[in-house]
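In what follows, chain A forms one complex with chain B and a second complex with chain C.
== the complex of A and B ==
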């Protein structure tokens, strides 16, 4: 039971990091990406590779994951600079689909469909962290650090610039803001921090495969942000906790078929997204109607 | 020989892509609603046919059931989801998320009823015939290409020659002006959903007999529709048709160079390139901003 709860804490912390970082570009910069799982995956694969081949130290494998994802995120920044709205959604979808193909084909790096096995536990100054309870401390600390970083960014002049761009790109540009640079930096930061979630995920489970980094994951993370409240601080975490607790809640009701828990979860969050958009576009935490 | 074989297969795929994408293109072009649940319309049309045909109703009742299901779904979604959202604001993203949510729900409901595996409608028409030595074509390929030609020509005629068609084009140009002329934009929007939904029926039925169906196929359908609409140029129905055929051909001919698991990546490579280099698409008018 204890292990079960700590496992849930770990998953919620990891997905919260994903939701918080996606919210950073979605809620503050207006970049609606359906490719967030790509950076989650990149972080997981690169940290796994570094941990196996170089060093499992948190000060080596985690930064490596951030650098890898940050570099690849320039691919996402490219369309973000050129187009908005539906075009960008389409471009990010394209990137997501391409990446899943690459993840399942680049066998020397990702292990293909079979995935990467026996990833060593993360090493913090000689201490190997792998028990769910210990790991929960680590993952919550990382989540708090990510939150602090994002919060500091949002409340700095950089954050004001982002919101200005979201509300009117041309107005921001006419005030002398370097719009392409600000957008690119925000995408890179978001991807690099999402990679931390991937690194946590890889060292926690010690096994990863492409299944965890598909479009479904991107959609799930986006649902977390939207249901919690786009552009709010607490929203993404509320959304992540709610959606990850949903399967346990569903399995609590005995009359529902066990084999359909996954489907029921998706039906509930699908309809939840639709109903929220009709009646409360700001999400659960959000106050304003729509962004 | 292989190239000819792949070109014919590509034409068949492309015909189905064009038929599928044109519905999304019509809805999005005229109403600006990002109807992401278009994939769900396809899934509903296909599974209604599968269920009706499997129950021994025969071909025509099966087609009718499929068309009824698709149109009803499109109209209900327009009435219960899109119209209320448009009433309070209707930013692109709100509509997209609402539509996406419906798509997820439909996929899983269908999965719970029919199972998540692949199902196929059995027919002798999908059996391939050797056309010339080394080139195999099934009658369904010709049916797909013929269906695409007939339905797409009919749609073009409809858009250019009938009042509703002209109203749809007017709505995409200037919704305010439509109102000034005493037309009801909401009714035109409903017409767009009815037509855009019913036109996926032939593709859905043919797909159920060729590659088969699974509940998650809606995602693929949506991705293709989106790709064809953008590559063709948003607002241009002929552009979407052309892009649909070209994407099908490209996917198929790519097999000359790469393995089959890369076909989807080819489509999205093309889409990605278009978005970055030419966002207005093949036949599009305006820019992407």
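== the complex of A and C ==
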């Protein structure tokens, strides 16, 4: 039971990092990305590769994951952010679909469909962290650090610039802001921090494959942000916790037919999201009306 | 910062033979004029005369088809809007384009924040900026509303916030797109006072305005546009008293 709870804590922390970093671009800059799972995956694969071939130290494998994801996000951001918002959604969707193919085919790096096995546990100054309870401490600390970084950015001139751009790109430019540059930096930061979630995920599970980094994951993370409350601090974490706890809660109800739990879950997600958007468009944590 | 280096009346921005068409319709047609230091130039003309398009062209928001625009002697063809803004040309929008999700204070503060990444400022610089913004909010009557989101302001307050953003910057040329339209008489007096004070401090203003009382109350020069062409550019009396122009301006309404 204890291991089960710590396992949930770890998954909630990891998905919270994804939701918080997606919210950073969605909620503050108004950039809607359907490629967040790509950076999650890149972080996982890169850190796994580095841990296996170079060093499992958190100070080597995790930064490597951030650099890899940040660099790839630049390839998406540079061309796609010069045009209007809708095109970025389309471009990110394209990157997501393309990346799943690459993750499935690039066997020397990703292990193909079979995935990467036997990823060494993360090493923190000689301590190997792998037991769920220990790892929960690490994942929660990382989540807190990510939150602090995002919070500091949001409350700096950079964060105000992002919100200015979200509210009116043309007015932001008229007040001297280099709009494509600011948006690009925000996407790179978001991707690099999402990669940290990937690195945690890889070193926690010691096994990863492409299943975890598909469009479904990108959509799930976006749902976490929207349900919790776009543009709020706590919203993405509430959304992540809620969507990850839902399956466990449903499994407690014995009267439900076991074989139908999967589709039941989908129905609850879909219905919940529709109702929420009708009655509380700002999300659970968000303002009642408008944003 | 001193805004007074070129002598009053020296051209800060020179516009020569400016052209812009939209699908065969000439929105701005061979316009040549100067925006002179410390002077309020008012653009008047019927709706669709090309006044806002003219602003969009000289701020880089639109690419021109032909002609030349120089700012402080430098050609600004193809220069991005944010670079023109940083060089000292800032504008307001007729539809305001406030940062609606941000508070009044954040709107004004952010208008002065150009850099992509936060640059740490010294205590003295922060304090100066704070005082500057306080002063702007006092003058625009928004001091009590500093923590109100722009979205939640009343109409006149929104107009003043649009002006406050530009007042807080170091811009030397203000391009104001119908800043006084729809204001009540009190607000309108406040607006004229602000404008006169800042012009006395050396700000150069080009303003699009329909209200003739305001036009007369504020203008040093009037430029009359009609269907993209500059029909007159001179002192207020001579332009306003021109019967031909009056016919164009009032023709549809009479």
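Annotations
Quick note on the criterion: the second predicted complex is superposed on the first by the 285 of 291 C-alpha atoms of A that agree within 3 Å, B and C clash if a C-alpha of one lies under 4 Å from a C-alpha of the other, contacts with A are read in each partner's own complex, and residues count from 1 in each chain.
Criterion: a residue touches a chain if its C-beta (ideal position, glycine included) is under 8 Å from a C-beta of that chain, and two chains touch if they have at least 3 such contacts.
Keep in mind that this is a model prediction, so the values were computed, not measured.
In the superposition on chain A, contact of A:94 is made with chain B only, not with chain C.
In the superposition on chain A, A:173 makes contact with chain C only, not with chain B. In the superposition on chain A, A:273 makes contact with chain B only, while chain C stays out of contact range.
Look at A:114: by the touch rule set out above, it reaches neither chain B nor chain C. In the superposed model, A:85 makes contact with chain B only, not with chain C. Ranking chain B and chain C by residues of chain A touched puts B first. Counting contacts as defined above, chain A residues 290-291 meet chain B in one complex and chain C in the other.
The touching residues of chain A, counted against chain C in their complex, run 156-158, 160-161, 163-164, 166-168, 170-179, 181-182, 185, 231, 290-291. Per the touch definition, chain B reaches chain A in the complex via residues 28, 34, 81, 84-85, 88-89, 91-105, 107-109, 111-112, 219, 223, 226-227, 230, 234, 261-262, 264-265, 268-269, 271-272, 275-276, 279, 288-289.
Contacts from chain C toward chain A in the complex involve residues 59, 61, 80-82, 85-86, 90-91, 93, 97-102, 106, 109-119, 151, 165, 169. Note for the complex: chain A touches chain B at residues 32, 78-79, 82-87, 89-91, 93-95, 97-98, 101-102, 104-105, 215, 219, 222-223, 226, 260, 263-264, 266-267, 269-275, 277-278, 281, 289-291.
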